[in-house]
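The two complexes that follow have chain A in common; it is paired with chain B in the first and with chain C in the second.
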Partner chain A sequence: MSDLETIARQAINSVLHNVLNTRTVDLFFQRSPGNDNGADRTIVGLQYQVRAQGFVIQRGVTGNDGKINMPIRGGVSTLELLHNGSRVADYEVRASTAALAPVANLSGQKQRLRLLGYQIGHGGPDGNGVDNTANVMEFERSVLDFQSDESLYDDAVINAATQNQMTTRAGA
Partner chain B sequence: MTVKVRVRHDRQIICPLRFTRAVTGPPVIDAPDVDDRGFAMGARPGTWGSSPARGAMVGITEGDTVRVKLLREDIDATAPLFATSTDTQCAEVMAPAGGGPIPNDGIVSVKGVRDYASRPVCIQIRLGSMTGPVLGELEPHIFQLRHLRVVAHLVTIRGVATARTAQSLVTTFQNINTIWRPLGIEFVYDAARTRTENLTVLRDGVTPFAVAGQMTTTMNNSTPGHTNSPQDWREFSTIINTRPVANHINVYFVQAANEVFGLTFDNTNARPNGYGIVCADNATDNSVAHELCHYLDNPAHGQDAVAPGAAHQDMWARRRLMWTPSPYTATGIAHRDDVGYGPTTRGALITVKDLPAAVSGTDGETPRARRRSLNPY
Partner chain C sequence: MATEHKVKQGECISSIAAQYGLFPETIWDDPANADLKEQRADPNVLSPGDVVVIPDKRAKEETGGTEQRHRFRRKGVPAMLRLQIKRDDQPRANVPFVLTVDGTSTNGTTDGDGMVEVPIPPGARQGELKITEGDVEEIYPFRLGTLDPLDSEEGVRGRLRGLGYDDSLEFADLVREFQHREGLDPTSHIDEPTKAKLREVFGQ
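Let's turn to the complex of A and B:
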């Protein structure tokens, strides 16, 4: 579930107003990649807060689904994982409204693996491992992980069966 | 380091951690390779019990303390992480003291306390403290140590002997035992019991060995003289039937072999064809360990295909002890040409997971070898 809302703010007696664009996306924290499907792989009990434009806008603890409804304001929010109230890890979260690239393309394959939580490194323009570079160790490893987890022949060859399964699991 | 997340399609799964081997380079006895092939756990022998863990597996000999390395793939490098065991009577976290924080190098030391049947244990990595949420997990398997007796035969063929000596084999078997340590299997080699064999003719008592110093076979379709019959390996059969010592694994060392570094029949091949191992002088210690894995009920190779033309070329297959050959031909792809053991050198991973045949061909080398080690001679 996600939504994009535009909130117009106007102070009393002001002739100016600004607009807050808030997009909400679903983040799932898991011990292993792939859709959970009730396989007991979620990370439960993560304390977190979401910071945007200098303000904490949300706090919570992950439940049995490991899910965080992450609001993104002004294009970027920071997810801060907490322990006993102290910040212990940060995620800079941005959202793209662009469709996934075709699964036949290298970048489309990397986008889907990344979406599913496979660990493809942090190269590329967005720092999340998604680019058009072939023969990257982390990418081959994640393809093998995916094939193995999906009971596909684990040879790192991204054939039609692997592409179809990537599309199915990513939902697009 | 802030982890950058670019959400597409309004949904993103984040999996922060994974495990890997603690070192690179040649095998080290307290740093076993980690079977991190996927997060699914595969089939399990009945004695392993069921486990909800999803992640890597590693074998540990009972009483040993080993190092594994935690990789922070998608979490800050500075996030305080702690390691705990779900059952300290099976496996215990020895370092870092108190379970954490785990140092920047990611090294966690785990002791295999005891080999219990049907009592799976899990090393869990937690955020913030020993009671924090579980971010990732490793399933160790603890194995009671079994000793398998080996006798070596130093073979001379038509006057040309192997260059190996009883003393040189001491180091060879030390290195082999380093590779096999995670399985709880130790090959007991006694230099004083090493035999020397002088061979000139085959078992028929007439036909001479084809080439002095060499075990000649014609198993490959392309080798001249190939007959697709036992004739193709009659020199091998002659060698492994030479004064075999009962209740030992018999390993014969020759100077050369024309088709292989080593060749093995396991003990399901009854005599007169016989069972045993022949290794040439160009077989590395890793290659002898590879042949012993064949001997212990693992006939397949890491690259074997489930369909014609689909042989594995990937980095996982090359990391397996059962990949062949080693050294292998460079591919030009860096992570395939060095899988952590040196340039074009296959690894020493003996698979712990038993992934379905449709996924990886023959797998589950550790449970297969453990089963055969109960009846090895």
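Let's turn to the complex of A and C:
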């Protein structure tokens, strides 16, 4: 775990200062997958706190857009969702441009669909919800749902248009 | 008879001066500390193990008539907390804050550069700055006086941590990321241009 921020005390007519900079990530909470045009999908008034380096570093409630501007310290923070003050869910959030696999790869597509709330099963020979030969259609089903929600041609083929839309929607 | 003080983690000239009842300048400008002064340049950032010579106190004589009341004022030298608060590299400008240092709270407003400037006790160890806006409370905890000199790995890590870098990275990777972001030659080493840039952007 990363150490707490260290700051020098200033003295002797010093003109020096120190900086505390926090990187943030915007997270959006929705009730169901799909685009967020319908305001009824966003989760408003969700109580949360963010913890890093052993300290609570932010507390708040989601607004009308379901958004949390989440601070990341020392590379990783934990988002704790609260209900009546008790923790009901934890999410570990890392700030890294390499956190998601490329959208052209199956793993990158699955990561984005999961973030967007689509159900992807663990069936198939590789446990990844994909089986081109038999009856495991979980991954294909989630792609069809996504394409349908996004008004794309719904053929479960992950072409450039579908990949672009996944990137846009997941925000990365 | 002057004494020698071995610096421990968390100490700086302000805290040491307060401990011995001297002004920070009296210690730092004493000829016996000339070598240390040259080596460290910055009295606010000493390394554990540094030796500071504490000069003797000089008596100050005051004349005053008997049967009269005399008022002596104790000269205390507070240290300053001068801290720039940023979020995604943007200063948190002109927002009200509550600063708590060693249990004492101060209210204020950051200036146009997101700067917080508050006098603090010289020996203060720990603090927390709180900014409340609407439903959201941002909390910035920190430790005081623990910043190490720039020529140590911990000193570099401490500064990069403050700037928002992921300091769980390997040191070379961390340094390269800073160099990359600042448009420096990505040597992965703390060379002079990197040191100068780090001093500039962190402010110390």
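Everything below uses one rule, namely that the second predicted complex is superposed on the first by the 90 of 172 C-alpha atoms of A that agree within 3 Å, B and C clash if a C-alpha of one lies under 4 Å from a C-alpha of the other, contacts with A are read in each partner's own complex, and residues count from 1 in each chain.
Going forward, a contact is a pair of C-beta atoms (placed from the backbone, for glycine too) under 8 Å apart; a residue touches a chain by one contact, two chains touch by 3 or more.
Given the structure is predicted, the values throughout are model-derived calculations rather than measurements.
J.: Of the two partner chains, chain B (first) and chain C (second), which one does A:Val44 touch, if any: first, second, both, or neither?
T.: first
J.: Just to be sure I read the superposition right, which of the two partners does A:Gly63 touch: chain B = first, chain C = second, or both, or neither?
T.: second
J.: With the two complexes superposed on chain A, say which partner A:Ala95 touches: chain B (first), chain C (second), both, or neither.
T.: Both chain B and chain C are touched by A:Ala95.
J.: State whether chain B or chain C is in contact with more residues of chain A in the superposed arrangement.
T.: Ranking chain B and chain C by residues of chain A touched puts B first.
J.: Once the structures are superposed on A, label A:Arg31 by its partner contacts, choosing first (chain B), second (chain C), both or neither.
T.: First partner only, chain B.
J.: After the superposition on A, what does A:Thr22 contact: first (chain B), second (chain C), both or neither?
T.: second
J.: Once the two structures are fitted together, what part of chain A is touched by chain B and by chain C alike?
T.: In chain A, residues 1-2, 72, 95-96 are touched by chain B and also by chain C.
J.: Quick check: in the complex, which residue numbers of chain B touch chain A?
T.: Checking each residue of chain B against chain A gives 2-18, 37-40, 52, 54-55, 73-76, 78-80, 127-129, 132-137, 306-307, 310, 312-317, 333-336, 355-356, 358-360.
J.: Sort out for me which residues of chain C touch chain A in the complex.
T.: 12-15, 17, 24-25, 28, 42-45, 77, 79-89, 115, 120, 122, 124, 127, 129, 135-148, 157-158, 161-169, 201-204
J.: Within their complex, state which residues of chain A touch chain B.
T.: 1-2, 25-35, 39-41, 43-46, 62, 70, 72, 78-79, 81, 83-84, 88-96, 98-100, 111, 114-119, 122, 126-128, 130, 135-137, 140-141, 144-145, 147-149, 151-157, 170-172
J.: Give the list of chain A residues in touch with chain C in this complex.
T.: Residues in contact with chain C: 1-12, 14, 16-24, 53, 55-61, 63, 69, 71-76, 95-96.
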